[in-house]
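Below, subunit A partners subunit B and then partners subunit C, in two separate complexes.
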Partner chain A sequence: MTIHNIYIFNKNGNLLYYNEWNRIKQTGMTRDEEAKLMYGMLFSIKSFVNKISPTDPKDGFLYYKTSKYTLHYFETLTGLKFVLNTDNHAQSVRELLQQIYNQVYVEYVVKNPLIDLAQPIESEIFKEKLDTLIKLSPIYFSKSI
Partner chain B sequence: MIVVLNKILNSYKMVIYSIYVVSKSGGLIFNHDHTVSKTENEKSFSYPLDLKLKYENKRIIVEFGQRDGIRPGHVLYEVNGKEVTNRQLDDGQDVFEVLENRELYPLTLKFRRPKMTTNEKIFLASMFYPLFAIASQLSPEPKCSGIEILEADTFKLYCFQTLTGVKMMAVADKNQSGVELLLKKIYELYADFALKNPFYSLEMPIRCELFETNLKSVLDVVEKSGITNI
Partner chain C sequence: MTEETIFDLLHSAVVDYVVQSDGKASENSIKADAKDEDLSKLEYIGFFTGYRMIERLTREMPRFKDELDTMKFICTDFWSAIYKKQIDNLRTNHLGVYVLQDNAFRFLTKLSNGKQYLDLAPRYVTFTCGVLRGCLANLGIESIVTAEIQTMPSCKFHIQVQRPC
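Up next is the complex of A and B:
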């Protein structure tokens, strides 16, 4: 099992944070372009899911799976979006995303008065805590081992 | 007791909602709605209305407010038993004028989840095409396929792409098993009854009776007794 990368978007679609752990293939575009493409795709998926759903959706889109990876999506009611790419065997990634939100984002970004919430996150402690949380998670398993 | 049992059965129900076949170029060539879940709500309202309605895309939809199963996004389609078209009633009255007229209350309003028109289905099918492509482009691993399974809280969408680029898609209940195999079976039906039909031209909508009847019977079998019995 492995975790590839994480994207955090705010409600306006700006990339707040990106980090990668085991990413083998790069898209060949700049991070900015890639984030825009990712956000555009998520935005379309959301409206697609809303329309094609047979009954009224509550959480809406949860994840999609391809032959090589799974993209997990978690959106808070305030419009903050967490996107985590893992391999196809990862279990209970949703809980992990929730943990990232309440244990790392809220604690070290929202509760830090010096951070502008609309700007990309530069805080070292946030990066550190996120990295530890990911690496301690059972989903994370480095391929090099 | 029966109510409880029914509730349990309903929570385990296996349902396939609809099937889509999308051509290589992203056009919808076949669509079949197998199970249509009905969400209709009829309720008597007194003045003033405690829902906020707005007129959008030639429909009157609930913008804000939620009660008795009526939720934002639902469409108003009957007022006192008279059908609503655009923003007018059958007898030519403007719906908003009726709703604002205090003397006409209490009013019986009927709401439902909007049904997809054929146009919207074609639109959605062509919308899936770039999503499928971008998903493989954004992959962190090389040689990745497009979206195979997409899950939301109310359904699961399965997509199977054939080597020739035709996509078979199924919208099913989250508990429904064997949908991947079902899609392969549909591919088989497509090969047998659409492609071998001399009156069928490629990339055009599939209007082959045999294909449709066989598909329906396969769907019924899968829902009732699983994929293994085909």
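Up next is the complex of A and C:
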């Protein structure tokens, strides 16, 4: 009961993919609106973090945490953004995000010539592989303490 | 990035190019739907690739005993040279028809593992049909090669040997 949902944005801020596993509370707005809000916030946090950083920021924004959940953020050099919400006990989510990028996105989206990289992902095999990876991950099963 | 990836990407770019240039040509007459796309150019590119490739691959090979021996070579050595794996199943009726089955055909593994995109799948096997025809042609076997896809990523190649009457 620990991975809540995932958002994948491209470099222009369009939502490429969204899926949820254990999301109990919904926002009540449409998915599009929610994605825009999410992207806007990420964009602001990113520039805020980079501006306010007293030293060279390097990786920049990594995650934020509330009392109930943690939002993990991973951006590739090409501007692709992966956002994963988990509970606060999740360990090594960064590795998982790397795996999602390397083993699922690159393999089944980039190497699939039928997918337009600017459009939301419709491929069944991508959805399937992502779901398997998430469900096999120890984070998905980790018990809250 | 591995050498395979470059081949995969180049192959899909070639497919895309051929499909688009044919689409433009036929747009003036009748809008061709995906089912009867003209992929003969792609097949021809494959033919030349296969024709030349076999020359290099077989330079140190002993003579083949018969047609079946040639097919076995195609299924093992030739297939592993391009697709890094062997054909999973070879069947024949001993009358010149051979069926080569690949359960995870490389150009289809990333596309889908079911029926999604099935109507566009022929684009990605035509080149290989040409390659097969080309290499058989250079080994002295005239043939017609077609492909059959039921569920991806598995694919069957039907080879019909044309016998001189």
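Criterion: the second predicted complex is superposed on the first by the 140 of 145 C-alpha atoms of A that agree within 3 Å, B and C clash if a C-alpha of one lies under 4 Å from a C-alpha of the other, contacts with A are read in each partner's own complex, and residues count from 1 in each chain.
FYI, a residue touches a chain if its C-beta (ideal position, glycine included) is under 8 Å from a C-beta of that chain, and two chains touch if they have at least 3 such contacts.
This structure is a prediction, so every number in the text was calculated from the model and none was measured.
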| item | value |
| --- | --- |
| Partner chain in contact with A:P113 - subunit B first, subunit C second, else both or neither | second |
| First (subunit B), second (subunit C), both or neither touched by A:F43 | neither |
| First, second, both or neither for A:L71, with subunit B first and subunit C second | first |
| Touch count on subunit A, higher of subunit B and subunit C | B |
| Touched partner set for A:S123, first subunit B, second subunit C, both or neither | second |
| Shared subunit A contacts, counted only where both subunit B and subunit C touch the same residue | none |
| In the complex with subunit A, residue positions of subunit B that touch it | 17-18, 35-37, 39, 71, 73, 113, 116, 120, 124, 127-128, 130-131, 134-155, 157, 171 |
| Subunit B contact footprint on subunit A (complex, rising order) | 4-5, 20, 22-25, 27, 34, 37-38, 40-41, 44-45, 48-69, 71, 85 |
| Subunit A partner contacts - residues on subunit C that touch it in the complex | 5, 8-9, 12-13, 15-16, 110-114, 116-117, 120, 124 |
| Parts of subunit A lying in touch with subunit C, wherever the complex brings them together | 107-108, 111-114, 123-125, 128 |
